[in-house]
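Each chain carries a letter (A, B, C and D) given by its place in the written order, and its residues are counted from 1.
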Amino acid sequence: MLIVMNVGATQREIDGVVCAIESLGFRAHPMPGASRTAIGVTGNQGAVDIGHFENLPGVAEAVRVTKPYKLTSRDLRPEPTIVDVGGAKIGGGSLTIIAGPCAIESREQAFSVAEAVQRSGAQFFRGGAFKPRTSPYAFAGLGEEGLKILAEVREKFGLRVVTEALDESTVDLVEKYADMIQIGSRNMQNFTLLRRAGRSRLPVLLKRGMAATLEEWLLAAEYVMSEGNYQIVLCERGVRTFAQHSRNTLDLAAVPAVRRISHLPVIVDAAHGTGRNYMVTPLARAGVAVAADGIMVEVHPRPDEALSDGAQTLTFDEYEQMVKQVRAIHEVIA
Amino acid sequence: MLIVMNVGATQREIDGVVCAIESLGFRAHPMPGASRTAIGVTGNQGAVDIGHFENLPGVAEAVRVTKPYKLTSRDLRPEPTIVDVGGAKIGGGSLTIIAGPCAIESREQAFSVAEAVQRSGAQFFRGGAFKPRTSPYAFAGLGEEGLKILAEVREKFGLRVVTEALDESTVDLVEKYADMIQIGSRNMQNFTLLRRAGRSRLPVLLKRGMAATLEEWLLAAEYVMSEGNYQIVLCERGVRTFAQHSRNTLDLAAVPAVRRISHLPVIVDAAHGTGRNYMVTPLARAGVAVAADGIMVEVHPRPDEALSDGAQTLTFDEYEQMVKQVRAIHEVIA
Amino acid sequence: MLIVMNVGATQREIDGVVCAIESLGFRAHPMPGASRTAIGVTGNQGAVDIGHFENLPGVAEAVRVTKPYKLTSRDLRPEPTIVDVGGAKIGGGSLTIIAGPCAIESREQAFSVAEAVQRSGAQFFRGGAFKPRTSPYAFAGLGEEGLKILAEVREKFGLRVVTEALDESTVDLVEKYADMIQIGSRNMQNFTLLRRAGRSRLPVLLKRGMAATLEEWLLAAEYVMSEGNYQIVLCERGVRTFAQHSRNTLDLAAVPAVRRISHLPVIVDAAHGTGRNYMVTPLARAGVAVAADGIMVEVHPRPDEALSDGAQTLTFDEYEQMVKQVRAIHEVIA
Amino acid sequence: MLIVMNVGATQREIDGVVCAIESLGFRAHPMPGASRTAIGVTGNQGAVDIGHFENLPGVAEAVRVTKPYKLTSRDLRPEPTIVDVGGAKIGGGSLTIIAGPCAIESREQAFSVAEAVQRSGAQFFRGGAFKPRTSPYAFAGLGEEGLKILAEVREKFGLRVVTEALDESTVDLVEKYADMIQIGSRNMQNFTLLRRAGRSRLPVLLKRGMAATLEEWLLAAEYVMSEGNYQIVLCERGVRTFAQHSRNTLDLAAVPAVRRISHLPVIVDAAHGTGRNYMVTPLARAGVAVAADGIMVEVHPRPDEALSDGAQTLTFDEYEQMVKQVRAIHEVIA
């Protein structure tokens, strides 16, 4: 259920509704908007009697929500969410560029990429310390040592650090060193991890699962939000199809589709979404043209020597050129 | 096999090689390039002895081709093909916009849309006279009457007319009235139709099949080319996946993938590729950003009254706005 | 619309209703059932006034049909259709085995396989004279010469011959020599071909398209039936997915799904459905276990020398063993 | 790398090789076969020098393995693995039936189903205590209370209990009460969970991910095995495709494909694989016909009142009938 407050409702009235919700054993999710506050109600097994709430002071209306997602929905919050990552914003019309190597390999490698990222004017640095690998025998990242290098990158280059957590205990570590928790495709329905991220103070970058419908993706975000963390950025990264010319099939129609039903920002991962170096720049441009809130790419000083995913990684020159083009396209559609 | 002529080879030398090929019972496909001519050899069941050709006057080298496509390949022709449609060009760096109603419903409707298309500066008008419909009971187009209206549009508005043919006898009719033959997704592997189009003097717009790999798509083009018609434009229009938020999943990575292996121009159908009105403009922008040679969209004075595919059709205002945006994006990447 | 006649309706009453339907410019499709006759009405653009028919003599009721398929539907005909192929039956509880080489290569090859097929007790021989090939340069069948060999097989071994037609003119030829017209996956939405088959006196084997939904498949059958040919056997042959371990993903759930909504028989092509020799027998068994009306397989004296699709072809020994197993499974579920 | 011991190698020689492997910092996985023992080597980042091992006493040969999976491969162990679940066996030619409700709802419900399962002669009872649900607001199982009911079922009915674990802490609980740990589709690439299950003394039922290739599925098993737990049963449960007539598309060709490359048993989940009650029995029969080692189905006294997945659940009568049929089919192919 969704409770919409009056335009002029006071904080006291809002608190009163929250209190009434909680006294029934449910959970209240107040979400202030530009003009008025809406309060999501979750935790109810069946239908809730609307009469409980409609007569409380400050309430404009109580709306039964039949869609399976509530907190992620525009019904709850018509204005776009702007996610704050250590002071830098994602969403709301700006263009976010998140760049970095697939995996952190060494301080030297990370610093070299970070300098290129900083020079391009991007504010976000990505790099994996914990890598989910299909094979148990593949390089799985430097672990906490990698996180420490990421923290140094933040310090030295003033970039916000985005990095993946794989389970509850790596969330603990990521919280210690980074600015944003990435949840990968393979974990999009790892509900234990989603709930843990929902109890974090850090914003969450939630990648779409390899075969996830829009509804499943939004419900994964709903898991995070239902624990109280509303700072989520969705990331389209391609779905699995019969097509063999790219590693995944980047589903750019998902961007307007998400925009239509959700207030959350959505970005496009042009590296994993294609898996081919020569496709990254065209698809990054397309991601911006389709009006995503940002793009994510991989950069490496020598892609062919990268320990992970070199085939989809840009050189510094390619990266710089790409940034110029996506900025110009963003101007066109702004 | 592919025979590459010397840079300064004379027409007489080229004719000599063609003659030698044909005398062995094979088929010769001379394709003049910017600097030199290459001659494709088809019709051989097994391997051909390279020695037959390498010593002929004017021959630089004879190359065995192992890929299943030959004539569509960049190996045969490194320069991009520019397709000439009644004097208007597709490919080679320009931006082609093909617009019109899904189906021709009446002269009034066609003229009204044509005026909007002409006003936007587009050179190509599309409209179906023969509509392949999933159900035998759905509106299947006006037939030859529709073609006559299309011919009037060409006359009155100076637009080139693109329209679909379904079989050999409709190719005969389309040849009579239109400038370019469209072959639809459902017919991408209708080899009788492909061969017939290959014997036409009109250029061909070849849509990708709903579940076609890149190789199958290029081999469909190869069917047309193997009959002697080299004027083909490929059209990505979305593939079928599990995703339900759009009618098809537009596979924009196919554009750089085609570009890498083929010299044929490739455009993006943002209408069928999405099936949702609100997605057409963002995906048309993305199609241009990914460096397609053009886009195809549907326009109708009153989309909700359209007899076919109204859900994916732009109004005149939406169309005009879209054209401005894609032109600006094309400038950025040119 | 569907008009259901009384149990005891006379032929004269049935004729009267047909006449009334046709006098309104529609098309009548009388389909006699075990206890009563139903008459499908097609050709109406919009809704038809039920009042026209309900008061005619012999009419039990007139039912508006909202599903897009009518003639293929169990609503029209609750009893299963039994297709008659030159006196041999498909459907209605018996187990049909259709076997033969992918392509007819020579009289010797065809006779050798036909003998094995006859020996196994199967009644149907398949073999391609016109092969739709992805590449224009691949072996495309012997054409009419192949059909003549098929006709000899019929004569000499008493088998019914099933063979593919690619277009209107090959239907003409197939009608001359064979007992059943196969329409292949790539042509499932070749509506010109479907309509032509609908005007044939021969029964039709309609393969499912590579990415066809159930509804699209039934509507393809509807095209054939709407022209008056009600003798159709559906054939599941796998759909295209991301899976790489088999050539296609055989969708056996389609068999009970078809059974639930349609009266048409449905068989399973275990050869094209898998594309791997070692999978053919297990999946043929599974096809029978799922209660398909029959199976289709490829047999060749020396599969590794086959000119087409050798990789999915059984040897004589493997074929014989498979037939024993599927017969035993059919007993179990009968 | 794989070290194959001589047929008559002594335990002492085997221990010597294990010791040599570990002294190089690698991990040894001895797997005794019918005639000889093979020892898998994992933990090596790059290639290992074969010379280290070939001259050790008892070694027949050392083989470099280039496939990404090793321990799951037939190269390591040609004989089929027979998994021991509390004394009951899965694999090796017998037919395993795993049945029970989707979710444990109450002692009464569980006992009622268990009685029916026991009566049918099946040895395995399944039931969820921890349910991974797409929506955070759906019924997620009774938790430890559910496990206690499962333990009572085991006690009272002598059935082995299979139940799902979602993360490390639920593995701890499942180990306390059940006989086999199920890892669900959504967690097939939850590597933390896989590693934890690899350190369990309980056998593991590993479901295929919704869009997992065969290689990814085997590599997920490899994660479990690389931690030392070799008791794994694979479970095909359908993949996600465009098809809408069933909840998932059951990919039965995966059964012979797994069999060909791996020694692990593989079963078929006909409930989740179809999601439709009327398809469960036909597809369970097909699963046995394709030679799976067993099937998994859902049974409930009143499917329409089930708290989870009622739509794919059999009644007691349907279940009993199904068991008879699959047993008879198993006889045919044994």
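Criterion: a residue touches a chain if its C-beta (ideal position, glycine included) is under 8 Å from a C-beta of that chain, and two chains touch if they have at least 3 such contacts.
Quick caveat: nothing in here was measured; it's all calculated off a predicted structure.
Touch-path distance (fewest steps) from subunit A to subunit D is 1.
Averaging Cα atoms per chain gives one point for each, and the point farthest from that of subunit D is the centre of B.
If you average the Cα atoms of subunit A and of subunit B, the two centres end up 38 Å apart. Rounded to a whole number, the gap between the C-alpha centres of subunit A and subunit C is 50 angstrom. One inter-chain figure worth recording: subunit B and subunit C are separated by 34 Å, centre to centre, where each centre is the mean of the chain's CA atoms.
In subunit B, the positions touching at least two other chains are 211, 239-242.
The part of subunit B that touches subunit C in the complex is made up of residues 42-45, 68-70, 132-137, 139, 166-168, 186-187, 189-193, 209-211, 215-216, 219, 222-223, 226, 239-240. Residue ranges on subunit B touching subunit D, taken from their complex, read 240-242.
Every residue of subunit A that touches subunit B in the complex is listed here, in rising order: 211, 213-214, 239, 241-246, 249-257, 260, 273-274, 276, 278-279, 282-283, 285-291, 325, 328-329, 332-333.
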